[in-house]
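The structures come next, written out as structure tokens.
In what follows, subunit A forms one complex with subunit B and a second complex with subunit C.
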Partner chain A sequence: MSTIQATATAGAAPELPAARSKALDSRPIYRWMINALFIVVSACIFVPFLLVVVSSFSSEDSILRHGYQFIPERWSLGAYRLVFQSPKILLRAYGVTIVVTVVGTAAGLLLTAMTGWVLSRSDYRFNRQATFYVFFTMLFGGGLVPFYILMTQYLHLKDSLLAVIIPGLLSPFHIMVMKGFMSKIPFEMIESAKVDGSSEMRIFFTMVLPLSTPALTTLGLTIAFNYWNEWFNAMLFIDKPNLATLQLLLVRMLSTIEYLTANTEFVKQLGIDVGQLPKYSVRMAMAILAAGPMLCVFPFFQRYFVSGLTLGSLKG
Partner chain B sequence: MLFLPGFLFFLVMSYIPMVGIVIAFKDYNLRKGIFGSEWVGFDNLKFFFASDTAWRVTRNTILYSFSYIVLTLVVSLALAILLNELTRRWIKIHQTIMFLPYFLSWVLVSYISNAFLDHQNGFLNAMLKSAGLQPVEWYFGAEYWPIILNLVHLWKAVGFNVLLYYAGIMGIDQSYYEAARIDGANKLQMALKITIPLLAPLVTILLILSIGGMFRGDFGLHYFIPNNTGLIYSTTDIIDTYVFRALRTIGDISMSAAVGFFQSVVGLALVLFANLVVRKLNEENSLW
Partner chain C sequence: MKRWRTGLTAALSLGLALAGCGNNNGGNEAASSAPASPSATASETASAAPSGTDAAALEPVKLKWYYVQFGIPQDQQAVAEAFNEMTKKLINTTVELVPIDGGDYENKLNTIVAANDEYDLVWTSSWLFKYGDNVNKGAFMEITDEMLDKYAPTIKASFSQVAWNDVKVKGKLYAIPNFQTFTKTPGFVIQKRFVDKYNFDTSKVKTYADLEPLLAQIKQNDPGIIPFAMNKDQTRLSEAYGMQWLGGVDYRLSDPLTAIDLLQTDEYKTHVKLMKSWHDKGYTNADAATVSDLKPLLASGNVAAVQDFTLAPGSEAGRKADFGGNEVVYVPIAEPTFTGVTPTMNAINYNSKHADRALMLLELLNTNADLFNLLTFGIEGKHYTKVGDNTIKIIDNGGYSNNAGWIFGNVTNGYLLEGQPADTWERVKKLNEEATVPALSGFNFNSENVKAEMANMDALFKEYSPGLETGTIEPDKYLPMFIEKMKKVGAETVLKEKQRQIDEWAKANGKK
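Then we have the complex of A and B:
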């Protein structure tokens, strides 16, 4: 028992070994040069974020006159005020996205665990065939068109949130990672539970799932992240504005800058002249409001995203 | 029993669409359905290859994939090796910042790139104007896009890959370095003779996966960042965006299915080929 947990935690978190010999090269100039290089790299990566944040706090006419700037002529909260005056669209999009993410992640994780568990069992008669069955979908697919026709003509999922949830439930890659992890659970434990009269279901829910917590955390985060940022299926299948996810809302806003102005409900609530809407700063404010909260949360879990790849060896 | 839901999922979501490939060889008609439509053999594919678009999107897909793979690999690997030289506190800070773009969807990235490239209000044009130069119409000039797309891709991908390779480096046994140091090896020698060879299995597996995916372009990147502007399709259009447009905008379902089929087949061939090559070179590093 303790050995599994030890390997499990070691597998999930590629942490820095505690005692690393740091004095490999003690010349400080050398290290400062590398550090300076990384500061430049990090700055290059960070600056675009800064531009968006600053623009969202700029007044509309300073954007119109000088373009997006790092130091605007005049600061302004106008864009945010406008968005919060009628927060309905944004809040609804948040609600839809949260529903999709929660439902999708819970269902997807359970399905991934179930499938991965079956494939990891060496005593399952069709193990090889089943693994190939899953793995093959990674290599070959029917392409976009048959998928689209299936979803719209046969499953009738147009304008249904299921069209966003279902395609993301299982990925062969996640299953292979799960399988790799679960195959490390010692088979003797399962055997002895069986001898004691536990059913397969009971074994799965009371033993296998708790033992796989590290893999479940990693994959759960990845799946949740994928749902949160999902726009492709939403773009294909969702046309109704009240079912729009956050990402879809952003897509629509981008494809027609006038999305907000065209949205009569929104304009009516505001009672403003359409031409005067501060489009540019509002766009940036919307981008911040849509991405900001997640950008604050996800970085805390960043190592889990990578460990998903190293968790279970893919080979098998 | 537990396999049943997974089995059904792939049956419906993956295997039934594979059957749907027959559309590629038919003149699809919505009223007649998939099986009622008439067979036209390879006409759809022939029609596609007869057009200029075929060459354009195929070339773009392969060239972009290739440059993304090489650029990301070289830059990330170099940064990961250098990162290892810093102290823990700095490593954490840089890693976190570099990882940020990874959390954005391409939709959001396009908001950012637009803030730089917008013709009237973009930051770059504002800079050019204040320097007394002519503003550039980025979204109308095909020649800029190979550079823009590569930069944007690198910006988004580099953090993830650095962390990935760095995790690989952390897995290397420290005693190799101890031994090398006693033998008087310098940093560069250690990187070339220890770090890189020991990372080779990880790198090859990732390479096989990405070579197999070479024919599957990044739809989000090529659709949102160039804003789906028709004038610059010559350097931004890839198979994925073309299939999407053929389906949604042009509405030529059979043709778009045929192109998708072409993509799938070549993609499969590429994975098999990549794996074969790796297995020839080194049995242990191959995927199966």
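Then we have the complex of A and C:
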């Protein structure tokens, strides 16, 4: 759901001109132009999303007859009723996704912060080698098949939620951002803490982490999004239906429809009942249900997100 | 029970007769090459016995079977346990059933094959997790004639030589097809009430024009009824004009080895003109050129007739609901033709250690109806109830309702669903036996060399075809324009390429 991220950034964007409005006060025309630009950009992102919302509340019949419309002929809750008819699968997928997101984000943040902190320390002897080691994985990867073999044949992580959590824990990009942020923490502070007899662990948890709140919230949100939207690893490694993540359900549904409609000739021959496929409005309802929680959570993080973005830039 | 048994014996005896014929040429060769039997069987030959012998004589084996499901059933676990109980008893084998959702199947199985993951059986087809590609990759084990004779005689007998040849790649067999309807019969679907009302003789219908008297009467006397409904993607039934479309090419039935440019034929012109007249007379739905899904219109019960590419035997009852609860009759306009058995098959992993047992399992699913029905419909009383001798009713939300027998084996061994006529399976078998095999059966046009031309032609096709085929636009004006534009983007090059490939194919297959 990259839409959410996009909406989020765009939603935050109009605040920037507002903050700078003092300088532009004398020339209201510029302010209007900038506002207009961002209104257009926001609309481009918001309008399709609105269409998805409206379609999910449309009656199936009016979608079939007139296509997707902003004001449907007939409103209906039918799609949601259908989805919640057997809520077990959906609720379980919610549960799985929430567990994965919470555990993954917490563990991921801690690991990213720890790695970033070590790499930002100039008194770490293998600093350059370690940084290169992390950086190298940004450029070169093993590819899908070795990854799959490692996960299934050596780590035996098939049908385990760890297979969804572990690959997302550390991203070299996140480490680099974290390292960049932490290297701005005055080293003198750390030294004086050491002189006062503080251990490395204590320094990290009581000084470094609190000081890095902006970076932590920003990265935390990104990591959380990644986990929330995760489906590929789940697709590869999860066979048990009760461990499927929410997005995997969505992707499955869509690609199933794609396969069946692209091969109607065979499908008919085999007697697969195409009538059982989710209706158009149901697809949209599923999309809303998958994206909804993140939409609600985001405004609470937005404050930190913006300050996280700007704080880094001011320090430079 | 009795019915399938008689059906089975019939199939068996027929199969034996076929096998007898086949043995004349294949028997000697099989015998001579037996000592050098492929590595597949070598490892287990000692313990392996033909299916049907005492399970105790076989050593315990565990198989893993990946197959597709459209929606994983909730009660998979319970069914898998019951299934294993049976297979353990019958062939001392436990099977790890791994159903994969249709949406994930291609991606997941491709990765599994690439990573050389362990499994024994895998479902494959011509349209999803493609058989040909995977054979080329070397993912599947060759199934030799000896293996078939030894472990899967019933399966071998249930298919004709034509069907087996359809599965073979360069003369070698890499998968076991599942027996289901593998014919198609083009024709029309007409609401019974109109046929009865106007005393219409459907047996005389051989092409579109033959329908006209009926459509005219409906138009005149039944206001509010659309005599003939079409959608924008449908193209004419080639057979109505003595042609056929197969493997990507159009050709005349009288001269199957010559590709034709359909648009330039007189038949095409006649057809679009006929459609135009139907459109003008109001026989068809006015929005035919734009509507993509006819379902809602059909469901209103206000459509008298539609065309259909595959009139599956026994499905009339099911179509009733589509037509708003009105009974329909099928009007085939041509003999059923063989479409190939590759849409659903099971293959064996090339490095499976238990190929023999995997074959025995497939054979068992073809000989033991209880086992097949268990995997297809679940557990009696929990997932379905018996309503007749061999007819069942699936319990709604019972947790196992995919009715996916076509994945596991011979569907004619299974139960019938409520509403399907008792002789459905007999009719399926009969059709499969009687189906004519198109001369081009097995040919597939490869568009690699003319990709750009094909893309342009496809775009033009989408622009003009819906209007012409539904009679919405004037053929006298637009057909020449369409043909002209097609020529410009390379229709002739494509036709030549098609002909070249057909010639090559015909030569390689000894047709010319």
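Here is the rule we go by: the second predicted complex is superposed on the first by the 229 of 316 C-alpha atoms of A that agree within 3 Å, B and C clash if a C-alpha of one lies under 4 Å from a C-alpha of the other, contacts with A are read in each partner's own complex, and residues count from 1 in each chain.
Just so we're on the same page, contacts are C-beta pairs under 8 Å (C-beta built on N, C-alpha and C of every residue); 3 or more make two chains touch, one makes a residue touch a chain.
Model, not experiment: these values are computed from the prediction.
Visitor: Tell me the contact category for A:251 with respect to subunit B and subunit C: first, second, both or neither.
Guide: Both: A:251 reaches subunit B and subunit C.
Visitor: Between subunit B and subunit C, whom does A:181 touch in the aligned arrangement: first, second, both, or neither?
Guide: In the superposition, A:181 touches no partner, neither subunit B nor subunit C.
Visitor: Touch check for A:241: first (subunit B), second (subunit C), both, or neither?
Guide: In the superposition, A:241 contacts subunit C only.
Visitor: Mind working out whether A:227 is in touch with subunit B, subunit C, both or neither, as first, second, both or neither?
Guide: Neither partner.
Visitor: Which partner does A:152 reach: the first (subunit B), the second (subunit C), both, or neither?
Guide: Only subunit C is touched by A:152; subunit B is not.
Visitor: On subunit A, which partner touches more residues: subunit B or subunit C?
Guide: B
Visitor: So, does A:61 touch the first partner subunit B, the second partner subunit C, both, or neither?
Guide: After superposition on chain A, A:61 lies in contact with subunit C alone.
Visitor: Looking at the overlay, what does A:142 touch: subunit B (first), subunit C (second), both, or neither?
Guide: first
Visitor: Where does A:51 make contact in the superposed view: on subunit B (first), on subunit C (second), on both, or on neither?
Guide: In the superposition, A:51 touches subunit B alone.
Visitor: Once the complexes are superposed, what residues of subunit A are shared between the subunit B interface and the subunit C interface?
Guide: Subunit A residues touching both partners: 64, 144-145, 148-149, 153, 236, 251, 254-255.
Visitor: Under the touch definition given earlier, write down the residues of subunit B that touch subunit A in their complex.
Guide: That would be residues 1-3, 5-7, 9-10, 12-21, 23-24, 33-34, 79, 82-83, 85-88, 90, 93-108, 110-116, 118, 120-123, 125-126, 129, 155, 158-160, 163-164, 167-168, 170-171, 174, 177-178, 181, 187, 205, 212, 219-220, 224, 227-228, 240, 243-244, 247-248, 253, 256-257, 260-261, 263-264, 267-268, 271-272, 287-288 of subunit B.
Visitor: Under the stated contact criterion, what part of subunit A meets subunit B in this complex?
Guide: 14-17, 20-22, 24-25, 30-31, 34-35, 37-38, 41-42, 44-46, 48-49, 51-52, 55, 63-64, 66-70, 111, 114-115, 117-119, 124, 130, 133-134, 137, 139-150, 153, 155, 166-167, 169-170, 172, 175, 200-201, 204, 225, 229, 231-232, 236, 247, 250-251, 254-255, 280, 283-284, 287, 290-291, 294-295, 298-299, 302-303, 305-307, 309-310, 314-315
Visitor: Give the list of subunit A residues in touch with subunit C in this complex.
Guide: Those in contact with subunit C are residues 61, 64-65, 86, 88, 144-145, 148-149, 152-153, 235-236, 239, 241, 248, 251-256, 258-260, 263, 265-266, 268-273, 275-276.
Visitor: Okay, in this complex, where on subunit C does subunit A touch?
Guide: 70-72, 74, 76, 98, 100-104, 106-108, 111-112, 114-117, 125-128, 180-182, 184, 293, 295-296, 309-310, 312, 315, 339, 343-344, 397, 403, 406
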